[in-house]
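Sharing a structure, written as structure tokens. Questions coming.
Labels A, B, C, D, E and F are assigned to the chains in the order they are written; within every chain, residues are numbered from 1.
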Amino acid sequence: MSLFGGRSPQPTGSINPERVEMALQELDMITDVFNKLVSSCHAKCINTRYAEGDLNKGESVCIDRCVSKFFEVNKKVGEKLQALGAGAAASPGGGSSFGSF
Amino acid sequence: MDFSSLNPAEQAHMTKIIEKKQMQDFMRMYSNIVERCFTSCCNDFTSKTLSSKEEGCVSNCTDKWLKHSERVGARFAEQNAEAMNAASK
Amino acid sequence: MSLFGGRSPQPTGSINPERVEMALQELDMITDVFNKLVSSCHAKCINTRYAEGDLNKGESVCIDRCVSKFFEVNKKVGEKLQALGAGAAASPGGGSSFGSF
Amino acid sequence: MDFSSLNPAEQAHMTKIIEKKQMQDFMRMYSNIVERCFTSCCNDFTSKTLSSKEEGCVSNCTDKWLKHSERVGARFAEQNAEAMNAASK
Amino acid sequence: MSLFGGRSPQPTGSINPERVEMALQELDMITDVFNKLVSSCHAKCINTRYAEGDLNKGESVCIDRCVSKFFEVNKKVGEKLQALGAGAAASPGGGSSFGSF
Amino acid sequence: MDFSSLNPAEQAHMTKIIEKKQMQDFMRMYSNIVERCFTSCCNDFTSKTLSSKEEGCVSNCTDKWLKHSERVGARFAEQNAEAMNAASK
């Protein structure tokens, strides 16, 4: 996840609290989604008997597919919310939109 | 809830803060729906893409969650109004 | 939930940070309770097979009763906490009291 | 935990913040008890009012939760004191 | 949990925001751990039929052992994280370290 | 995620805030692992100390949780990069 791009569309300057706060909200949202992703895929893929400390082959493959499906669900739910107009106030700046981070 | 004890300047300030919170609440609702519908609908990890059955489930789950929240919200408001009335008698 | 009443007991004036913060704490508490209400009644009333997107009759009736019972539980717990004196520091201004919002 | 590395001004500041947090913690405990006791005690939605059995359950559940938290808190403080002693040896 | 020690290594003085923030982070962490301890031991020890309001003998003994084991797990996980170097940035001032509060 | 719309001063400010958040995220991860591994591994309360079996379980559970988070993080970053590419086309 590359947090900072190479472009700087604004000249070096003073801090705009509004823009920083929006970026922070976006960061909080991504952290929230990531934490939910980690715990959801743990519930789906990891055997909780903990007989060994390594991920076995089955668990590893399951994790990869789990993340992929979770992203699809994220996209689908985002599209639906947008279609329902619930997304009116949403999609803060910075190229962020439903279904992607 | 009753914010009438705040003066107009304070109410205006609250309104601005509430608007910001609504955005956060919306994003939290979004990620909650994703988490819950994923958990309920996706149980087959032999593939990395959603089956059409899973897609349908996610779609229904999202709809149902929104309708559920809306109905709970309506009842919540009614109960709340009742409780405030009872309290002011 | 009518957030702002029609009366304005104080004249227009400067912002008292203490009072605004108390109002915000109350708002956070209500949001917290509402979120718990939504997820509790979802667990009690909604069939998670998701064969359709609409609430069926049984689910709708269940939700109404669920909210009603949740409020009763909220009231009962509030009364108990207050009776136990645990509520000493509680009940912030604004007409708020245990068992109501 | 040990805040003795803070100077008196900082300790006074912390005390004020901690008082505010205690109110929030209390409200969170309140809503947690409501959520848990509702979940454990209410399973019949053929009626919109609590049965006397449900009422009794909620009452016991609240009592038990408070006594449980209190006991955990007492043990927590003991274990904590022990760990601090061990660390300072 | 004695929050304030008797020593005051710094003379009375102005507030250093950095140090206060670190102390607050520590407080938040302890609150978080305590809440998790309460709910974990409730799940392990308390009968949720709620036939009575008092802790019975079995529950009381279970709680004591549960807290003790939870502390051991906390210590073990802390040591492991530290060994893995994940703890590089951790252990803020004030005598706090992994496995103790 | 793309913070390139922020100017350098804002980016520097964000970096500082992100560093603080990382500490908090680490502490939250720590307490989450403790909670989850305790819940999965400790089921016998006839003793107040961990059995060697429980110790081994906690150790494996911690290892596995870290490896799991790491793998999810790697896939998350890939999917995210893909989604950003698709969006910018």
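Here is the rule we use: contacts are C-beta pairs under 8 Å (C-beta built on N, C-alpha and C of every residue); 3 or more make two chains touch, one makes a residue touch a chain.
Predicted model only: the values in this text are computed from it and were never measured.
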Among the chains, which is located farthest from chain B on the basis of C-alpha centroids? E
Over half of the contact pairs shared by residue number: find the pair among B-C, D-E or A-B that meets that against E-F. A-B
Contact-pair count is greater, between B-C and E-F, for B-C
Distance in whole angstrom between the CA centres of chain A and chain F is 13
Rounded to the nearest whole Å, what is the centre-to-centre distance of chain C and chain D, using the mean of the C-alpha atoms as each centre? 19
Can you list the chain B residues in contact with two or more other chains? 37, 41, 59, 62-63
Give me the residues of chain C that touch two or more other chains. 45, 64, 68
Graph shape for the chains shown, where an edge means the two chains touch. Line, ring, star, complete, or other? ring
Going round the ring from chain B and on to chain C first, in what order do the chains come? B, C, D, E, F, A
Inside the complex, what are the residues of chain B that reach chain C? 1-11, 13-14, 17-18, 21, 25, 37, 40-41, 56-57, 59-65, 67-69, 71-73, 75-77, 79-81, 83-84, 86-88
Chain D touches which residues of chain C in the complex? 21, 25, 28-29, 32-33, 36, 40, 43-45, 61-62, 64-66, 68-70, 72-74, 76-78, 80-81, 84, 86, 89-90, 92, 98
List the residues on chain B that touch chain A in their complex, please. 20, 22-24, 26-28, 30-31, 33-35, 37-39, 41-43, 45-50, 54-55, 58-59, 62-63, 66
Residue numbers of chain A touching chain F in their complex, please. 1-16, 19-20, 23-24, 26-27, 30-31, 34, 37-38, 41-42, 45-46, 48-55, 59-60, 63-64, 67-68, 71, 93-97, 99-101
